[in-house]
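Presented below are the structures under discussion, each in the form of structure tokens.
Heads up, the next two complexes both have chain A, just with different partners, chain B and then chain C.
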Partner chain A sequence: MTEKKVLLSPLDPVHDIGLKMIKNALEEAGHTTFLLPPDVSPGEIVQEALDQEAEVILLSRTLGYGVPELMGRFVDLVEGAGIRHRVRLGIGGMAIKPELAAELGFDQGFGPKTPIEEAVAFVEGRDYVPTREESGKEKGDLVGERTYRYHHQEIEGLLDQIVEKTLQWYRRVQTPGIKRALLREQGQAGQASYLELSGESIKEFFASKVLPSGLRLIEGEEQQALEKMIAGGRVEHPRILQRQPHQPLVFIQYGTGCPFMDIAHIKGTEAWGADGVVHFDPSWGAKTEGLLAGLLSHEENGSVLTAENLALIKEAVEPSTLWQVRAHRGLNTPETVFLAGEAGADLTKINPVYGSLSGGTDPERLLADSLKAMEYAAHYGLPFDMPTNEELSGVPAFRAFAGMLIVTHLGLALGAQPVLQPLFCYSPEMMLGGQMEDNYLDYNAAKVQALRGIIDAPIWAGAPIGFLTHTEERVQSAVSTSFHAAMAASLDIEGISIASADEAYSGGPISLPARIDTLQGVGEAFRFLGSARMEPTSRAREWGEELTENILQVLREVARGDSLLDGIYGGLLGTKKEGAHPGRNGRGTVSPG
Partner chain B sequence: MVDAKSKVVDALDVETFLICSSEEEGRRTAAGLMQSMGFNDFDLVYIQQEGIGARVRLRAYVNRPGDRYTWLEGGGPND
Partner chain C sequence: MKILGVAGTAKNTGKTTTTMALIDRAVEENSPPAITSIGLDGEELDQVTLLPKPRLALPRDSFLITAEQCLEGGTARLEVLQTLQGKTPLGRLLLTRVKEEGRVLMAGPGNGRDLKEGARALEQYGVPLLLVDGALNRMAPLAGADLFVLATGAARQSHLPTLRRETEIMVKALQLPRLQPRGKTLSSYELLSGGSERGLEMDSLLSPAAVHRVFKNGSARRNELYIRGVLTGEAFLELAGAISPGGCRLIVKSPIHLLLGESLPTLARALDLWRDRGGEIGVESGLDLRAITVNPFFPDYQERGRYYHPRYVDAHQLQSALQSLGVPVVDVVREGGHQLWAQLFSG
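For the complex of A and B:
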């Protein structure tokens, strides 16, 4: 490499930081540099190039007005000075388009975000070969070092009592969902014994091979085209959103309705920094006894849960991406977790309380099914989270959290790894009381403080964060998610589920660009905060203490009762007045085991 | 030549500010804009009238979940 004399000058009244960084890199590489200050005229720059016998001139321009004229005049001056043949001209900066620079006679133009190494390569007259290092992205770990030790002994004692009674009951019961899961384990899914325990639409599907209305089987050329796309669409350098180890893993929920579109969204969001993706199926997998089979697509909320759909999606998910298959609300909960485990999922979601109190499945049925599902989760090593989205119906957080802690303790008793999922939202209970009119931070911080004061368990806020704060306006929506992500980072929680910028739009499916909007926003929030923290006011502590006291009261009442189910049906974990309506699907299907 | 529209993964959003005297006028103008671009099946995702006009976001779905995707027929990202 020959040492070069390089003149660097901003063609700009103010900005020169980029050139200063390039100057340092050039000097480190052994070149001689001359850096002029901002606001020097083109004529003065050319004179300096003559005086210093510069071999390369690097200019920069940030401000966007009059740029082509200025660039053209500069090239004319260099030619007029008779040095164009021995000087290489480069220009870069926010206002520069490489095509325009070439058109106006520069040897090279550098657009925004040009790596410094590229400018050095230009000076040295060599081709720039991007040396993108492996991003080194590794699969995240939600549970990490959390010990599941209780800090609140009375709550632990009450949970012991509730769980003991509940597990005694569980050992004595059976459900069609549990029986089907056992049959599926034995490879009998879709066979006569399985269909006896399934709904009419599932029976018809297997008997006649005719798909229920709205569903479409994907096969042949379409399938081959997708497999080709998956093979060519690996994400080699996914963005890493987090800047600090304490910043939470970021999950998106795909569920477009079609496994192919799911895969397009998964690949797009992985590249833009999603650490985890969530599969959910609120229609077929949740509402009907029994599961369909095959590669199935439909235009509805969520994606059809079949072994084939899961296998195809698993093939597409990057090794560094956490993949959750949700199972918490429906009539196929044990089968879903079994399928998730077999398909190689990393996480699942089980919550008999929320899943049975906001409509949906009957509490008795879902509790039995969920306990079997927890056994599968333990067997396959799938941590499961439990959302407390009943808050959205108006159930106060303390009741929802009491339910979440009971489910946590049940999971621990069955050998699984539960993950707490408080809702980071504009809580309806607080909306009515007006306590969140001042900020969204204090009450959500109080939730985390209360939970952390009770048990050392992982926390994955959801779902999605910022619920009820989003509007149809794209920027507002992404910014609100980003602030909630910054809050999550400030509270040292392990994970967050984020909405897309389409969260409040109900006119059509969520678009991939809308998912990327919020990933971008969250990345900026993490960059903005770094190791700094948002600070709640003193109200967070007061509300956290109040929450803990109220959770304790609820658990005392549940423990005093005959059973957890009595507590659920009786409104201890959410009353009808508050918006908790026990679900009816599957009622009367629990039998002695 | 590849039909660029066929490579749109799902939706095409058009964002702009329309000079109009009311939100209603903005809606009509927005509809005309999309139709002039050849989109008859579109949705007004967001409109807000402030001052001299309306901030709007319009959306046309090129591929909806469950469709036979145009980008799949043309092959994947390496094609």
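For the complex of A and C:
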């Protein structure tokens, strides 16, 4: 490396610090630097460059009215003075992008958060190779070193009893959903035997190619445009939000119905640091027996589950992104996990308790289907999370957690890797009980402490964190999300799902800039905390112990009953009064197997 | 091949609109031109004001010099003919040919040397004309252009009498006579009345302080003074007072080398003082200023909201204000490109 003479000029004082850091790095690398005071004129800078025989000039300047012309005159002066061929020009500042640097006539532009090393590489005339930390984003691992060992022996014993009875029941039953999944495994999706087990709209589609209302097939030029969009939309250096290994992976949800929009949201959020994306399907899909086929666009919320749609998304997501396909609440649960596994998804979502108490599907049907889905999840190595969104209906956390722990134990018994998903939310239980009157931290910490005290399992808070704390005001929503993310980092949990800043009150499609708001907010929260922690008050421990005791009581009651289904129908995991209503979709479709 | 430079006096003075009018005219002449920019053109929104910019469309068989990362930025299908040596923040410069017409994004050579390399590369394809769209108020890369159009307007100065005064000074500088340096050295020098040639300490005189650094003996008689680099108006005014201009030919490399100072009125005062004190001034390489184009648009900066609002001065008044400077004044939006084309290529 040849030593260079570098002139650095902060054209406004606020950018002094960036240049000073670069100056230090350049001197450490053996270069000679000349740092000018702020507010010198272009002519003075060029004069200094001539006097010092500078080989590189680095300027920093905030853009403002008349500044581009000032910069243009500076570059012209360098050329007019006859030294442009031997002096390389770089400009940095808040609004600087490569396009603007080209417009101004500089050789390179350095935007905010440019690594110092990039400026050094520019001075030395070599290509900048981002360090592994800057570019080498690797796919996250939600399960990690979690052992699934129980710390609470009585709860483990109760769960053993419940699971044993449930699996015995499962071995004796069949459902249309399970049968369709098996047919799909054999390559018979869409064929007569499959259609016999499917709803009318599915039959009609395969018979006459008439799509249900609101759906449209993407083909020809439109499909080519999608493929072009994917090919041209790679995210080369996705941002890494986490500053410390213990900080959680960050998930966003997509499901606009439109593949173009979905891909735009996925690529945009990947670039801004999302570690994982969750596929949201339409709510009608959960109520329909059977799945459609083809590359489909849906004009309403929810992206349709077909092998082709999933293959497209798989093509679009970066290798470093975790991709989850939900299967937790409908009549196509086993098929969905099979499709997800075949498509190369990383995660799925299964919770027959929540799906049947707040998702509209009959408990008996969804339980049988979910167990088959867990077998697929185990086969394809897809960890599955269990949302406890019944809390939003008013079910107390301890009941929702009891259900989640039963599902966890079922999953473990079938060889899968369950991921606990408590809600970080301002739930109706909290509103009525006042546990969040003082702060949002204590009760959420109590939830995590309770779960951690029972089992060493991964935790992914959701979904999204801060549910019911968001308002129509975007800054407030992003800030609330980032505080909840800071709390998640403090509690050493593995993952969080975040909303966009306009999700709760968008009044329409959520926007990518609002997604970036929250990703930025979460990144700032992680940056702010580093290895420090938020500290809950002593009430968190008290409430955690209370939660554990209540979970234990529920599990004792469920274990005492004849079956898990009796417990669900009977309200042990959520009563009608609390807002848990056993669903009706698929009722009466479970038959002896 | 002729190089036609469209230089602006500021952002948003209509350089790209002028360039587009000339492209249209060239197509009518069945002579698809080659195009490039010394900045960035063809993007949807201005990089600074975020106001919409004129898009740039190129016909089939025209040539384009642009940076690697701009290839996918438009709708035109481009064939890469050659990778050039020059680099920009958007990648290496490429010489391309338009295979299917459409919009293009153009980030061309940011300096005169890379522009010349691009022009040389084009010659093998028999292209008769290279149109160079300027950037901001930048002119230096266009010093070697064969034909020169100055784009100005309300974005430079919305007070029309001031705009006229500034333009008049620029035109005077751009039309300075050509003088052949007599000296033997390539650097800046002075020929003393005794016949001796002495190199100057600096090629450029950027400030009054530089004048005093270089010319310690103000009373010496000089026959010729050659400034190879920049002579700013501020340094020139100091020079005109500090030394004896009487009988001295002051030769500056090009008019552009005189126009890079902070203040045009200072340059005007310096020119007057130099001549009043008996000096002669000229340029080694002239620019063939063929026309001035005008744009009534200006981005009005709203300090409170920190955004730009599009505004306009009266187009007729603008054009009238700049008449009688001895250079044709054209509003290509109202008049089209025919008149401008005629001014450029008649005779």
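Going forward, the second predicted complex is superposed on the first by the 460 of 593 C-alpha atoms of A that agree within 3 Å, B and C clash if a C-alpha of one lies under 4 Å from a C-alpha of the other, contacts with A are read in each partner's own complex, and residues count from 1 in each chain.
By definition in this document, a residue touches a chain if its C-beta (ideal position, glycine included) is under 8 Å from a C-beta of that chain, and two chains touch if they have at least 3 such contacts.
Here the structure is a predicted model, which is why all the values come from computation and not from measurement.
Enquirer: Looking at A:65 after the superposition, I want to know if it touches chain B, chain C, both of them or none. Which is it: first, second, both, neither?
Expert: In the superposed model, A:65 contacts chain C only, not chain B.
Enquirer: Tell me the contact category for A:232 with respect to chain B and chain C: first, second, both or neither.
Expert: Once the two structures are laid over each other on A, A:232 reaches both partners.
Enquirer: Based on the superposed arrangement, let me know which partner A:473 touches: chain B (first), chain C (second), both, or neither?
Expert: So A:473 only meets chain B here.
Enquirer: Tell me the contact category for A:47 with respect to chain B and chain C: first, second, both or neither.
Expert: Only chain C is touched by A:47; chain B is not.
Enquirer: After superposition on the shared chain, which partner residues are touched by A:568: those of chain B (first), chain C (second), both, or neither?
Expert: A:568 sits against neither chain B nor chain C.
Enquirer: Let me test your reading of the model: by the given contact rule, A:98 touches which partner, first (chain B), second (chain C), both or neither?
Expert: second
Enquirer: Does the superposition put A:77 against chain B (first), chain C (second), both, or neither?
Expert: In the superposed model, A:77 contacts chain C only, not chain B.
Enquirer: Counting only touches as set out at the top, which of chain B and chain C does A:299 meet: first, second, both, neither?
Expert: first
Enquirer: Is there a shared patch on chain A that both chain B and chain C touch, and which residues make it up?
Expert: 232
Enquirer: What residues on chain C touch chain A, complex-wise?
Expert: Touching chain A: residues 10-11, 38-40, 43, 47-48, 67, 69, 72, 87-90, 107, 110-113, 135-141, 202-204, 206-207, 210, 228-230, 232, 234, 256-257, 260-262, 301 of chain C.
Enquirer: Which chain B residues qualify as touching chain A in the complex?
Expert: 9-11, 13, 15, 43, 45-46, 48, 55, 57, 59, 61, 63-69, 71-73, 75-79
Enquirer: Across the complex, what residues on chain A touch chain C?
Expert: Spelled out, the residues of chain A in touch with chain C are 41, 43-44, 46-47, 50, 63, 65, 67-69, 71-73, 75-77, 79-82, 84-85, 95, 97-109, 232.
Enquirer: For a test of understanding, state which residues of chain A touch chain B in their complex under the given definition.
Expert: Answer in residue numbers: 216, 222, 225-226, 228-233, 256-258, 260-261, 264, 268, 297-299, 471-474, 502, 505, 507-509, 511-513.
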